[in-house]
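For reference, the structures are reproduced in the following blocks.
One chain, chain A, appears in both complexes that follow, with chain B as partner in the first and chain C in the second.
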Partner chain A sequence: MRLAGRFGGAALSLLMVAVLGFFLFRVVPGDPVVSMTRGRPTTAAMQAELRAQFGLDRPLHEQFWSYFTSLLQGDLGTSFTFRRPVAEVIGERLGPTLLLVGTATLIAVLLGLWLGVRAAWRRDSAFDKVTTGVSLTLWAVPTFWLGMLLMMVTGDLFPSRGMRDTDTAPDFVSQALDVGHHLVLPSVTLVAVVCAEYALVMRSSLLEEMHAPYLTTARAKGLRDDLVRRRHAVPNAVLPAITLVFLRFGLVVAGAITTETVFSWPGLGLLFYDALTGPDYFLLQGLLVVTAGAVVVMNLLADLLHGVLDPRVKVV
Partner chain B sequence: MLELRNLSVHYGPKRVVSEVDLTLAPGQTLGLAGESGSGKSTVAMSVLRLLPRTARVEGEILLDGDDVRTMSWGRLRAVRWAAASIVFQGAMHSLNPVRRVGDQIAEPMRLHGTHGSVAELLEQVELPREKARAYPHELSGGQRQRVMIAMALACGPRLVIADEPTTALDVVVQAQVLAVMKRLVAEQDLGLLMISHDLSVLAETCEDLAVMHRGELVERGRTREVIANPRHPHTAALTAAFPVIGDPAHRWAEPAPEPEPLLQVRDLVVDYGRTRAVDGVDLTIGRGEIVALVGQSGSGKTTLARTIMGLRKPSSGRVIFDEAEVGRTGKALKAFRRQVQLVLQDPSSALNPRHTVFDAVAEGLRVHGLADEQEALVTAAVERAELRPASLYLESLPHELSGGQQQRVVIAGALVLQPRLLVADEPVASLDASVRGEIVALLLRLRRELGLASLIITHDLGLAWQIADRVAVMHQGKIVEQGTVDQVLLTPSHEYTRALLRAVPQV
Partner chain C sequence: MSRFDRSGLAGAAVLAAAALVAVLAPLLIDAESLDVTRVTADAWQPPGAGHWLGTDHTGRSVALLMAQGTGTSLFVGLTAAVLSVGIGTLVGIVSGHFGGLLAGALLRVTDFFLVLPALVLAIALSTVLPRGLGTIVLAIGLTSWPSTARMVRAQTLTIEARPFVERARALGGGHVHVIGRHVVPSVVPLVLVNATLAVASAIVAESTLAFLGLGDPTRISWGAMLHQAQLHGAVPQQAWWYLLPPGLAIVAVVLAFTLVGRALEAVVTPRR
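Take a look at the complex of A and B:
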């Protein structure tokens, strides 16, 4: 029953995303036909023909209906700028984003949770003060600024643009090494921002548990301090953090926009940025549906996982 | 076995325990009584060095001759639970919510290398062995407390410290848990140090009694003698504060002669899904009458009260107030609720921690659009609730007040709308013995001066004896018996009422 409710809720959210995706970008200033033909001499007739080709001359509700029905069939339309199906364009860019976001999230989760646990357990220690201070700073700093700073500081140590060099040998090992090399700066930037949040949330959630009576029980039983923490405190405190990690993973996909733009990482974020300058309606709609869909799906997963980890939550 | 010599505990400049001397021989049972803030729990926690780091402990704490204070951490960990274990108060929070209780019982056994089985331990406390697989939230309060006892016995300690082990339980469950503890302590010849604010609970279980007051040990002796002939005035106050059912000196209410009905409940039924929580209840409260609704947790008494107040829709039946049926529309309900006000059990959670006393009391006025003369009305209500002079309290925040003062603020918040009926859900259950008496006296004075009727919901039969004119006994959604206090509590006719009365611990 509950499970059905959760899925129903997620489906409803996706529907809202689809509707919003259409109307939201119609408000973005700019005429796609004008930007498409920028730099080339065009007549009004040619522009009208382009409009007809993309269906932009039809009334808004008709446009919406054809967008919505094809969306249900998995067709996201055709991009103005790429002149190719949106699904195909997004598909190409999905890999790099998943690689970047996946790597960054994994590192950020491990590092952030560890930092948060240590900081909370030794509250007001030098370690806690430094961790909290640095986390707050990193969290507050604009991502693009941090990225550019990293670029300047590291100099030529790491490549700062793109995902691979054109002159790398085609074998798998060299390619992987090259991508890994390119991955360093963007993922460090992303880790710095996301990890700070995880550390702060984990810290405050553990601090709330620190005075829980069951920890006194555990101590009274004769458990070592680190066992009290590992066996009793952390499994309770980690629950809100896990929800956040999953929610964030969805958001990070979208949130990588600035990082990808700064480092010209050929992922969804950069694509989003490019599509906005059009504005490339169909591409924007498609990107919104995909990224918002990721958030909704991750949210659902977080709910389900919470039910597995916390016996007090009955999902089924 | 346990010897405290000159034990003092400070938190910063504040001294919470001062120069306590206490000894406990093997097999001896000692009760440690006192109100909140008397330092009794601090003493208990110091035995296994469980006080927070900020506490400064002086004196000696000898456990089997070793000073707990100066033990190495390794030695201390070996002693914890194996030499002495603790049954903590409020087992819901003292058990880890995300681990199965069986694992939690087995944990100290693995740690200290004790042989034994969880199933046997559970059987000792009269729980089926399958309960080992349950999580704490799947057990009732009484079952959780049994799990705590089983856990405390896991490593075969010779001393068990029980810190308010039955405080959150209702009388019947409390009697069962106390019986289990008494039996195990006798069978295994354990030393027991039991801490409680409730003298009658200690009288049931302990041969010796020590009383603490403001950090000092004021009295120590055989339980019977201490209670019969208290030497210290504080002990006397504690014994007097717990009403003895049947003792006319503890009966404070002066019964009103057959008042006219104010609120009538007729054949009320409330269903929660397929569960029938309230099953055909008839109840009448007269003008200025105090009616006690008693029953165990889960008997449906709180649901009945909520339904009477219009906070829940009944499945069928009628509520008649002042000879008119209470409407179910928003407007009619709002007018009705002004006449009927609720006082909740735990004032510290009933009050918004960020609202001053003035805001808390004035809220009802704002809700009912009575903003004129707000200050005068609030001041009058606060003074009615005996916080005098009101100006001293109006700007205070809840955490600056004592528990008794907080409850007075809650009562003032109800009084400000000049209601005719108070519905009080366990109004004194979370208060100390001395404060409890004051609040009971306040409710009686309000009745005398304002003609305010009350419906007191409680599992505490002593409170019913103290305050009520009539008693209604609720069991499994039905009122099984009702009548005057004397009839119901002295000559009960229903078997369930007799069972309830048997479970009340006697001083």
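Take a look at the complex of A and C:
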């Protein structure tokens, strides 16, 4: 029952994402063609042709129906600037983003959780104060500014634009090394910002457990402090933290947009930036639907994962 | 004095200084010195005599730009936070006080927006609406209210389960009485804390939108300065005097709001 409810909720959210995408980019702007061709020489006839080409001359409910049925078939419409299917353009950019976001999230989770555990276990120690202070400061730092700073400080040490050089040897090892080299600065930027959040979450999660009776029992059994932490406190505290990591997936998405823009990393974030400078409403609509959809799915996963990891949740 | 008091006071001092700059800057700086067509200094001057924070890509003084931008960043941060917390409080109280279908629907919508990446939505909104200060405020305010709504709803439910509210109802107190006399007063402290923290994230959001080129093109803000710095290659030119001040100012003000918010939180919820 609970499972069915979760899936139903996620399905409803996805539906709302679709409606929101349509509403934002077809209804709010009035006439998308006028906005998208602003600043370019166009005649009324050309605009009318564009409108017909994108189906904008039909009544709104018809537009919505055709948009919605195509969406269900994985068709996100045609990009105005690329003149190619939006789904195809997005598909090409998925790989680099997954690489960047995946690497950064993995490092940030491990580092953030470790920092949070250490800080909470010795609350008010120097380590705790430094970790909390640095985390709060990093939380206040705009991601893009941190990226620009890193770029300036490191100078020529790391490449700061794109994902690979054109003159790299085509064999796998050189290519992988080149991509890895390019990956350093963007992932450090993303890790710094996201990790701060994870550390704070993990710290407060463990602090909630600190005075639990089962820890007293564990200590009374004569267990070393280290074992009490590793075997008893952390496994309980890490559950809500992991769930929050999934729930805050939107944070990573936001970080990826600015990071990719700063470092010209050829992923979805940079595509976002390109689409909004157009502006290319159809591409933006596709990006909104895809990223929001991904976040909804991640949340569903978090829910399911929480149920698997923590048997207490099933009772609720 | 506890740690929170001290850091909270430090935060308040930073905010007072920023507010002073924001108020005085438009009075003391004449528009001519920030007019790209009328500046006389060379572009990309490092800090030195005459320009103690150097000049930007057009020869304008970075120090003057910084002062002028303070107002924009604070204004957007404050108004967007008021809008966001206002919507959140209203939705929270309504969905907590009234049960049934309306509450269910509101809760559903809140959860939906809570999950969605707020920045993505804010970008979408500021792309489709005409550029301007109002658009940025709307874009940030309309996308960041769900966490407040969640919290206010929880507090409303807690307070309405208390015996004194039940007594008020039994004595004939209607919706207006219960909300006005019992719910709102109990929610206000939490809302204030939330508003302080909301200003912090709104200022970061404003700088991000401005950096992406979605800001008000007629106004100087810290984010817009960084947008220009990126656009005109401040990084390859190693123009640290153009890059550091706006970012440091954002960090200082955002951190100040966060510290004040945490200090207030410690006062409002004294259990720890």
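Here, the second predicted complex is superposed on the first by the 291 of 316 C-alpha atoms of A that agree within 3 Å, B and C clash if a C-alpha of one lies under 4 Å from a C-alpha of the other, contacts with A are read in each partner's own complex, and residues count from 1 in each chain.
Simple rule for what comes next: a residue touches a chain if its C-beta (ideal position, glycine included) is under 8 Å from a C-beta of that chain, and two chains touch if they have at least 3 such contacts.
Every value quoted in this text rests on a predicted model; they were computed, and no experiment measured them.
Q: Have a look at where A:Leu309 lands relative to chain B and chain C in the superposition and call it first, second, both or neither.
A: So A:Leu309 only meets chain B here.
Q: Looking at the overlay, what does A:Tyr214 touch: chain B (first), chain C (second), both, or neither?
A: Touch partner of A:Tyr214: chain B, not chain C.
Q: Taking the superposition as given, does A:Thr277 touch the first partner, chain B, the second, chain C, both, or neither?
A: Touch status of A:Thr277: second partner only.
Q: Output check: A:Thr143 vs chain B and chain C. Expected answer is one of first, second, both, neither. What do you get?
A: The answer is second: A:Thr143 touches chain C but not chain B.
Q: Based on the superposed arrangement, let me know which partner A:Ser205 touches: chain B (first), chain C (second), both, or neither?
A: Neither partner.
Q: Figure out whether A:Pro235 sits in contact with chain B (first) or chain C (second), or with both, or with neither.
A: A:Pro235: touches chain B, not chain C.
Q: Between chain C and chain B, which one touches more residues of chain A when both complexes sit on the common chain A?
A: If we count touched residues of chain A for both partners, the winner is C.
Q: Of all residues in chain B, which touch chain A in the complex?
A: 45, 48, 50, 76-82, 85-86, 88, 90, 93-99, 107-108, 111-112, 135, 137-138, 151
Q: Please give the residue numbers of chain A that touch chain C in the complex, ascending.
A: These residues of chain A touch chain C: 9, 12-13, 16-17, 24-25, 28-29, 35, 136-137, 139-145, 148-149, 151-152, 160, 247, 249-251, 253-254, 257-258, 261-262, 272-273, 276-277, 279, 281, 284, 287-288, 291-292, 295-296, 299.
Q: Which stretch or stretches of chain C touch chain A in the complex?
A: 108, 111-112, 115-121, 123-125, 127-129, 200, 204, 207-208, 211-214, 223, 226, 229-230, 234-235, 238, 240, 243-244, 246-247, 250-251, 254-255, 258-259
Q: Report the residues of chain A in contact with chain B in the complex, numbered from low to high.
A: Answer in residue numbers: 212-214, 216-224, 231-232, 235-236, 239, 309-312.
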